[in-house]
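Next come two complexes built around subunit A: one with subunit B, the other with subunit C.
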Partner chain A sequence: MAAAILAASPAHTRRAWRAWVLPLGALGAAEALLRWRPVQSDAVALPSAVVQALLQALADGSLWSATWQTLAAMLGGLLAGGALGLLVGVWFGLSRRVAARGALLVELLRPLPAVALIPVAMLVFGFGYRLEIFVVGFSVFFPMLMLSHAAVQAVPARLLEVGRMLRLTMAARVRKIVLPAALPRLFVALRLCIGIALVVAVTTEIASNPQGLGYALLSAQQSLAPELMLAVLAWVGLLGWGLNAGLLALQRRWFGGLAATGAGR
Partner chain B sequence: MSAGGLLRVVAPAEAAAPLIAFDELGLDFSGRRILNRLSFSIGRGEIVSVVGPSGCGKTTLLRLVTGLVSPTRGAVRREGVAVDGPAPDVAIVFQDYANALLPWRTVAGNVSLALEAARVPAAQRGPRIAELLAKVGLAAHAEKFPRQLSGGMQQRVQIARCLAQRPAVLLMDEPFGALDAMTRQDLQDEMLRLVRETGTTVLFITHDLDEAIYLSDTVVALRANPGDASSLARTFTVRLPWPRNQLATREDPEFLRLRRQAYDYLLEAH
Partner chain C sequence: MKPRFGEALAAVGVVLAFVLLWGAVAHFEWVSAVFLPGPLATAEALRDGLRQGELLPLLLQTVERMVYGWLLASIAGVLLGALIGTSAALRAWVQPTLELVRPLPASALMPLAIALMGLSQSMVLCVIAFGAVWPVLLATVHGFAAVEPRLFEVGRVLRLSRAAFIWKVGLPNALPDVLGGMRLSLTVALILAIVGEMLASQSGLGTAIVQAARSFRSADLFAGVALLGGVGLASNALLALLEGRLLRWQRP
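Now for the complex of A and B:
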């Protein structure tokens, strides 16, 4: 993700082609090397064969449907876990007492790796979207909670004082002062959570859930088609890069300099 | 307080009972005594400045009047009733205007916040905002955002937002401290004009003695680390004619005499 941030920053866009020299050069070198000394392998394929497999999978629609499955599970998990994490995080940020009471429970549950819940969740939900949404939701809940807690805490005390002096109600203070002031940081939190959601969704699919890009990766591996496996892998990478770049562009457009300070903290 | 001198041209209507009374006020903060046995009162329409070395509790005193902070001993009374929280007609102008304005709202939007808080219907807000911005000379900047304005203009936005509360009491915490000299003088005169027009009572915190004397009916000097003594070190009654004038008032022998007296006193206190 850090590479995408660097590559998309304005100073670099003017000489964007230079950034492509290294990756394209490496691919070219791999192609040349493999043609010169062909290897029989289940893990390696010619870059040109990988590109061909990718185009083929896109053309026959199989890669698209896997992509939508993964995206739908990600989005469901983000909506469920992220929204809940946001609510609890804002609540913690507003009330020191609530944050103190909830701190231990959060510290006890947070270290649990979300993917470790797959066996349990499978018994409860069976295979399918609900399993994946639960695991993704759990994985983004805690980062969202902690980041939105911090975002609310970072709202200048002076602004909150202005709200109290004007005798705004608690709801009006949250709506008119706290949320707009925390918004740039909340958006950064969303960006991070989307990254996590993609990783966890694909992991869940590889580990157990027979759908989406993770499962496509796994079945290509098991049918000994390294060029398709690598094509799906490259596609997952492109998807992650594209999601982040898109959100970063939105962040620049909506928050400008404000978001930079939000991300810098 | 006998603030009403014979020389006064525009004398505020003075009520028999004080509007705000500090009654043996004391505040300790984490074991340190900030304010102690502070007693004085402010009449309706009076402008009182508080000066004193840093750490003498000037800002704390202001926060006690807002009700955002509660005293350890004694009380702040408004018309006889102890203050226990923010009131709709008590407004405060903070020194750090950049932090006190909502950066995502325009100038008009920032003023609107006070009207929204006072539940003024949306249809009436527009004309009120226009009137308030005209008063502080920002009519042409209603749609700009705070970061597009100079420091002095941002402070005017904050003043307009406070005026939107129709304050009976205006609290000012070194409001002009961060501004350049010319802007500061302009804002001093505008502030005087606006509060005299409406008969607003002002409690003004500053570390600038000249500013304190120029603006006030009464200047109160506080003592740092009061210990068992009273925080109130001295009270200077300013008998300078109104309206004040940046040149004439500052050349007035009485101004110079007060300035000398106050400086001598503060040097002694250090």
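Now for the complex of A and C:
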């Protein structure tokens, strides 16, 4: 398998190492510099110490439990806000009249930054999962609405005519024609929303909610443990990168080039 | 496609219905007034806050922070993006690292920034700039990398220097991408300004709404949230307007 890839794209793989020079070089330089001139700091630590702290936090389970807390809040927010956004988006996509009437309200509410709702959620729910799920849910609602609206709009009009000709009910048309045809783009929407959900979940935890990875970051900083703080930071980055890369691989495998159009940025 | 009058009226009607529903929920106390003030109470808090002059300075501080951070990010993003985007060699070395760092939530860097710089004004500004730089930077790189290859040849034939090429050929061609990135950056900058204020207790609307929530002044809280929504709406609309003007020459 690996040999086949090597043979297939020699120029590409021969140069692939260049991608790693900058990040690994920077880490190596930091390690060397800090060993040569050790500094007492609350903000920097030896890269090797950071790796050690990461492994230890993974081994004693503290990082895993924080990760699950963040993931659970993300998932809850996606289920609540994403599903609602999907429903409204599909509705808008099916009826131009509904979309035109709802457009102004959406445009007025959409620019509201989700983090501004943290105090509102704090007041209503207190600390905990419900606060975070509410904020994450709001943050993915509008992107999901816009993207699924666009996805349904992109369904070829002829397919809809077929549905009408076969006298399918509205529900059957949505289930049998619209959703399958829009699925690749809806998956892209899901991938983008998962990215947003992670960022907002961590942000909520840093700004107020005492749980999850964001809080782990903040408490490591406050207990003056820079190696742990940097380890959690690296873990958050790894998680975001891994989620995106995994979903991107699934997207390519399931839909190939079908999903490539439209939702680039 | 010109918007018909009736359609526009219907859209306004939907907004009014939403406000009425909000008013009904608050008036009949389906949700306790401690949590949800009515639209009138919110409007009153907004009016009083603006008239008595407490809200306006807070608003300006937040907007100032957002704009400065965004300008820093835009300048750095366009300059670096132009450099990286015009050089295929540099792209091969640097772009993978950029893609690696990009998904990192900028707010996650706030603890690190606090450890480095303390709970200060400049810490918040640095985090805003760092977080908001990515959309501009990557869009600019993409915009410059997608410049028609024949234009590069034209530049070489005319013996344009790198800077002249970037200014005269590259930037106009990359402008749609750059402006799109800047619009995204502005959204990020507003979010980070609010979070930064909350965390570092810098005075501004972000801190004000947290304090309002802590002391159960829900009308003030909603007034602040509405104002932040207004900032988002206005800044987005302004940039869209600017985009339309700057890109007018590109449309046939």
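The definition used in the following text is that the second predicted complex is superposed on the first by the 242 of 265 C-alpha atoms of A that agree within 3 Å, B and C clash if a C-alpha of one lies under 4 Å from a C-alpha of the other, contacts with A are read in each partner's own complex, and residues count from 1 in each chain.
Methods note: a contact is a pair of C-beta atoms (placed from the backbone, for glycine too) under 8 Å apart; a residue touches a chain by one contact, two chains touch by 3 or more.
What you are looking at is a predicted structure, and each value in this text was computed from that prediction instead of being measured.
Enquirer: With both complexes superposed on chain A, which partner does A:244 reach: first (subunit B), second (subunit C), both or neither?
Expert: Second partner only.
Enquirer: Contacts for A:22 in the overlay, against subunit B (first) and subunit C (second): which applies, first, second, both or neither?
Expert: After superposing on A, A:22 lies in contact with subunit C but is clear of subunit B.
Enquirer: Could you tell me if A:172 is touching subunit B, subunit C, both of them or neither one (first, second, both, neither)?
Expert: first
Enquirer: Could you look at A:159 and tell me whether it touches subunit B, subunit C, both or neither (first, second, both, neither)?
Expert: After superposition on chain A, A:159 lies in contact with subunit B alone.
Enquirer: Looking at A:180, would you say it contacts subunit B, subunit C, both, or neither? Reply first, second, both or neither.
Expert: first
Enquirer: Using the touch definition from the top, say if A:60 reaches subunit B (first), subunit C (second), both or neither.
Expert: neither
Enquirer: Could you look at A:111 and tell me whether it touches subunit B, subunit C, both or neither (first, second, both, neither)?
Expert: second
Enquirer: See if subunit A has more residues touched by subunit B or by subunit C, and give me that chain.
Expert: The partner with more contacted residues on subunit A is C.
Enquirer: Residue by residue on subunit A, keep only those touching subunit B in one complex and subunit C in the other, then list them.
Expert: The answer is that subunit A has no such residue.
Enquirer: Applying the document's contact rule, which stretches of subunit C touch subunit A when the two form their complex?
Expert: 7, 10-15, 18, 34-35, 92-94, 96-97, 100-101, 103-105, 107-112, 114-116, 139, 180, 184, 187, 190-191, 194-195, 198-199, 206, 209-210, 212-213, 216, 218, 221-222, 224-225, 228-229, 232-233, 235-236
Enquirer: Which of the residues in subunit A come into contact with subunit C in the complex?
Expert: It is residues 15, 18-23, 41-43, 100-105, 107-109, 111-120, 122-124, 195, 198-199, 202-203, 206-208, 213-214, 217-218, 220-221, 226, 229-230, 233, 236-237, 240-241, 244, 265 of subunit A that touch subunit C.
Enquirer: Residue numbers of subunit A touching subunit B in their complex, please.
Expert: Residue positions touching the partner: 156, 158-159, 161-162, 164-168, 172, 176-177, 180-181, 258.
Enquirer: In the complex formed with subunit A, which residues of subunit B make contact?
Expert: For this pair, the touching residues of subunit B are 66, 68, 86-88, 90-92, 94, 96, 99-100, 102-104, 113-114, 116-118, 165.
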